[in-house]
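In structure tokens below, several structures.
What follows is subunit A paired twice: with subunit B in the first complex and subunit C in the second.
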Partner chain A sequence: MIRVILRKLGSTAVVVAVVAVIVFLLIHISPGDPAAIIAGDRATSADIEHIRQSLGLDQPLIVQFGLWVGRLMHGDLGVSLFSRMPVATLVAGRVEPTVSLAIATMLFAVSTALPLGILAAWQVGRWVDRAIMVLAIVAFSFPIFIIGYGLVWGFALKLRLLPVQGYTTLANGFVPYLQHLILPAVSLGLVFMALLTRMTRSTMIEVLGEDYIRTARAKGLGQLAILLRHALKNAAVPIVTTIGSGIALLIGGVVVTESVFSIPGIGRLTIDAVTQRDYPVIQGVILISSFAYVLVNFVIDLSYRLFDPRIQG
Partner chain B sequence: MPTHRMMRLAAALLAVLFLGTLTAPAEAASDKTLRAVVNADLKIIDPTWTTAYITIRHGYLVYDTLFALNSKFEPKPQMVDTYTVSPDGRIYTFTLRAGQKWHDGTPVLASDCVASLQRWAKRNAMGQHMVESMEGFEVVDDLTFKIKLNKPFGLVLDALAGAEAPAFMMPARIANQPIDQQITDATGSGPFIFKKDEWQPGNKAVYVRNAAYIPRKEPPDYLSGGKVAKVDRVEWLYMPDNNTALAALQAGEIDYFESPPLDFIALMKSNPDLQVLTIDHLGVQMMVRPNALFPPFDNYKAREALLYLTSQSDTMQAVVGDPSLFKEYCPTYFMCNSDNETAAGAKPFAKQDYAKAKQLLQEAGYKGEPLVVLQPTDRPQYAAATTVLIDELRKAGVNVDVQSLDWSTITSRRAKKDPPDKGGWNLFITSQGGPDVASPMANIWFNAACEKANVGWPCDKELVGLVDQWAAESDPAKRHAMIDKIQERAFVSVPYVNVGQYFQPIAFRANLKGVLEAGVPVYWNIEKQ
Partner chain C sequence: MSGAAAAPTELAFSRRRRRLRFASRHLTILVGGTLLVLLIALALAAPAITPYDPIALDVTHRLRPPNAQHWFGTDNYGRDILSRTLYGGRISLFVGIAAALASSVTGTAIGLAAGVFRWADAALMRVMDGLMAIPSILLAVAMMTLVRPGVLIVIVAITIPEVPRVARLVRSVVLVIREQTYVQAATSIGTRLPRLLLHHILPNTLTPIIVQATYVCASAVLLEAYLGFLGVGIPPEIPSWGNIISDGRTYVQLAIWIVLFPGAFLGLMVVAINMLGDGVRDLLDQRLASRF
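Coming up: the complex of A and B.
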């Protein structure tokens, strides 16, 4: 097991290194000049050139890459070209909202999708199954921002039950923390819930047709025990895989959700950095995000062994 | 683990969480906290490092200025108590108000102000012109300093007070930093103190009331007069989505929306909980910038053709829509409603004339080559104006090569002097705030100093000479008389084309009182009731 973990960690490091090189090259060869953006619309060409020189942006690409890698080796992600704040500080300030949103979204999606998927599989072909599938298709079809605006209009502006926007840290109390997460988590989680419901349903239908389920029924086991203890555990591997790949879906959706609900998370930091060409921030965020993504997949890989001991290596 | 034990564990966890909610402090919005959604993200806090409006607005909160403009656009003393001008107009002596302190508690000294002026003049266009006319500064005592000129420059006080890029005062220890190093310490002497520990670029900037600030006794008038902070805390929130900002304003989660999209205005006016106010009666000028380095716009006739083919009303209709928020036609380069408003030289261009435009383009040697027009994809107002321009160019027989790019790419591309077919450009649209445009010297797009001019590099030594003469004149009445000649010349060499003047209102909750019509959003004098 330890050997497996070490091998996976080794491949994780390679993936992150490749991502680092690609990201650096991509953002530096794409058009746009941070010096011109920093200087502002009313700056002269001379002002822009002064700023470019003082930030080292006039250096050859290979020199800039070498400096960045050198700093990275010392655990330094650099400083923002704009605010001059360390990238690590900027990212650290954005982790809690994004992680909170991701966890709330996953909790919402998984806690609704699993019962709905199991119920649909159990009642396959009946009206309950059809109703759940219609719900899943509807949830899957609406863009996140439409759902977001709709929820804000209904729950924040009309019913005045929840806030329109923003994020408040857990340190300010659980209720305000939760209040600020409900609408974003639901709007981001609906798509994922739909995907997971369909996956759970189809996997469960397949498992429920297996011989050992028939044997369990013949032995007189209760329906709940059959569904949860025997069928769901054997259907777990594809469901867990879907949850893992759903995290990639979340990363894309977080950007939109954080903008619609004005949540100061990693997604907004990334978009702002890209539009401003804040190279050190883009590089730092993507490096950290790719590392987190690879790590999540690594954990999911390991979890297969818990659900199915036959999986090795 | 047996199921009943897991359920017990879950129940215990939920109980702990809800117990936490009972004891946790509630997030209450204080009546003394003003929450404002600003038009851009505050990423840079050094007002000499960037010309971004958001940084200048930050400057107005934390810094004070020696002079400030009143509603008649006259510079009035602000940090300065008294001042004298020598009979020959060459020596300005300023005495600061006693008792002023920096946010760190140290006294404001004349030497700090001189250091601040030196830093400001290295980057600011008006400051550079002033320094070119100067012999130097002289610190007389702790509260007194002099500006000594070696040639006439009549705009000393106007330059110090400039609404969109004033000389902000800061301690010498900060101002003396090399100009190529960005200031990261926002210590000023203004009515609010910047809370750097709460600053989160991309999200929030926080300011608290400066209890040690001594406001002037006069009532506030535009940017001059007493700056009395009536709220304890100002929170600037950056919301990238305007729909969210509008909903937050409607729900009372924010108090002030600095730059609502113009198509929201009618909706906001119909809401009794909200108030819409135009604080800037000069507004914004939108302009078409030709590249004077390459054909056909290296020929003044082609630039003149732009004057004939563009329509201010069509452009403003597309950009703004609501006729109450734009001028149907404004004949001046120097903003309608300003002191420098004049119609001199504008008459031939009052009516759109495609035939004349075509003729002038032909005379300029244009033979149907593709002209590169940069169209921003992420600035809706510029994109709308560019769409109108493209249509107008095509109607005048121009072969338009539209290059749709994000604004960041446009700002770097427009700085290139490459030929248009090799990564350069021919035309783009931009805009600038009224107070700067109203002055032929502060308006950087009006500067036709060839290589030293802003991107587009118009070159007209006669126009530059006229502006220099205007700046040297210290008598406002004589200066005013010179404006006509400057504009007449500008309509010959056409550094850019004015395609409309519009007004950007702000919106706020009706319980806010004392919002000032100061041209730029300022946060003193506002109270929550």
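Coming up: the complex of A and C.
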């Protein structure tokens, strides 16, 4: 078991290293002069030179890479070109709203997708199944901002049930905290829900065709017991894998959702950095979110090996 | 006499029933395909059917809600949203198809190389794993902040995050195919590598590649809109769906139609492409079709 964990850890470290190299190379392989682009159209040559120096672009490539990796190892993600604040500090100040949004989104998506997917698999080919599949394909296809603006228009502007946008910390009370999270979490969560519903449905259909399900039926077990205890348990691995790989979708969607709902999180930080072309901040956010993705999937992968004796090596 | 009369009606009946069964089985392909053809036709015919110039300013008719002259209303410069939406479809389609083609070709080349040349496999796949770990929107946004905006660079920025998905798929299919007896037979009679790749392996990977390409096309159309929405997409003077929606963001509470109509067209197009993808998958893969 220890050997398996160590080997998994090794391959995860390789992926992390590859991500770091890709992110580092991005600015070097882009055509034209990135320093001039970042400086903008009205910049003087002195401005451009200044940016080039603060990004370290005036040094040989290999020296730059060495310095960059060295700083990264110490948790130094660079300094913002505009606020002059360390990127790590800027991101740390924005973690709470983003993590709250991510957790609320996951809770919404998983708690709706599992029942819908199971129901569709049970009723496969009938109109309930068809309707759920149509819902899934629509939820998967409409962009987050259209769903978001639609929900704001309906629930906040017309019905006046929920706040239009913004964020309140948990310290200000649980009810306002939750009220501000509902619309963003639903907007962001629908894509995720669609993905999970489809995966749950197709895995459940496959499992429901197995012999042990027929045995369970023959024993006279109730439909619910068969669906939940026998089928869902055996369908768990692909479903949890989909949750893991969907994290990348979630992180990307956070940027758009925080923009629609003016939530002061990491996504908002990224958008502001994009408008100012504050490249070190964008680079830092990419690194942190990719590492988060790799870490989550490492934990998920490990958990199969711990909980499912069928998976070995 | 009566027997002869009964036969054709019975035949016609069963033929009709068979046609109905076909239609209900391939409902997704029919609905998706019809919707897509309709949207493509509207986009292609845009210059002929749009009532206004998509970039013509008309400050006397700013922010008008949908009415008889402007079916979809006007934006803050008085530009006609219907005309802009139809023209926007041309750009979104072009970007989507170009990104799907580019990522299919690149991803197939990488996947074939990884599946066939074992020495290249580990290195190529680790690079693909690394690319997969970076959320597509962030990767595309980062690339766009470093270059001057242009249609071509948007296509590149959308293509790169999609390449690893195609490469992984092709590699996994190749790994199965290379163990098949017909490939081993071909190898045993001394078939050279280029011929083996082109005549024996590639044709059998085409089905999954085509299905994957439709999904890539759908996500490329979405990604173009996200880039435009975040202000780093296609140059702002071109009326792409992302740009129209981005322009309308400031006026959401005042003039929701600026965002709503291009958004609805965008959503419908992605629905149509995804349905077509699902339908084609079921049609081409009979094993899957019989199970679902």
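Methods note: the second predicted complex is superposed on the first by the 265 of 313 C-alpha atoms of A that agree within 3 Å, B and C clash if a C-alpha of one lies under 4 Å from a C-alpha of the other, contacts with A are read in each partner's own complex, and residues count from 1 in each chain.
To be clear about the criterion, contacts are C-beta pairs under 8 Å (C-beta built on N, C-alpha and C of every residue); 3 or more make two chains touch, one makes a residue touch a chain.
Please read these numbers as outputs of a predicted model, since none were measured by experiment.
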Margin query: Contact-wise, after the overlay, does A:Ser259 reach subunit B, subunit C, both or neither (first, second, both, neither)?
Written below: both
One more residue to check, A:Ile205. First (subunit B), second (subunit C), both or neither? second
Once the shared chain is lined up, is A:Tyr279 touching subunit B (first), subunit C (second), both, or neither of them? second
Who does A:Tyr149 touch here: subunit B (first), subunit C (second), both, or neither? both
Checklist entry - So, A:Ile251: does it touch subunit B (first), subunit C (second), both, or neither? => result second
Q) Is A:Ile37 in contact with subunit B, with subunit C, with both, or with neither (first, second, both, neither)? A) both
Task = Using the touch definition from the top, say if A:Thr215 reaches subunit B (first), subunit C (second), both or neither.
result = neither
Subunit B versus subunit C as contact partner of A:Ser111, first or second or both or neither: neither
Q. Is A:Leu157 in contact with subunit B, with subunit C, with both, or with neither (first, second, both, neither)?
A. both
Subunit A contact set shared between subunit B and subunit C covers 31-32, 37-38, 149, 152-153, 157, 164, 259, 271, 275, 277
Seen from subunit A, its contact residues with subunit B in the complex are 31-33, 36-48, 50-51, 53-54, 80, 82-85, 90, 93-94, 149, 152-153, 156-157, 160, 163-166, 168, 172-176, 259-262, 264, 268-269, 271-272, 275-277
Subunit A residues touching subunit C in their complex are 14-15, 18-19, 21-23, 26-27, 30-32, 34, 37-38, 124, 137-138, 140-143, 145-146, 149-150, 152-153, 157, 164, 202, 205-206, 209, 248-249, 251-253, 255-256, 259, 270-271, 274-275, 277, 279, 282-283, 285-286, 289-290, 293-294
Listed in rising order, the residues of subunit C that touch subunit A in the complex are 126-127, 129-139, 141-143, 145-148, 218, 222, 225-226, 229-232, 245, 252-253, 256, 259-260, 263-264, 266-267, 270-271, 274-275, 278, 291-292
Note: in the complex, subunit B contacts subunit A through residues 17-18, 20-21, 24-27, 41, 43-45, 49-53, 55, 123, 125, 165, 179-182, 184, 199-204, 237, 239-241, 243-245, 247-248, 250-251, 253, 378, 405-406, 408-409, 411-413, 415, 430, 432, 436, 444, 452-455
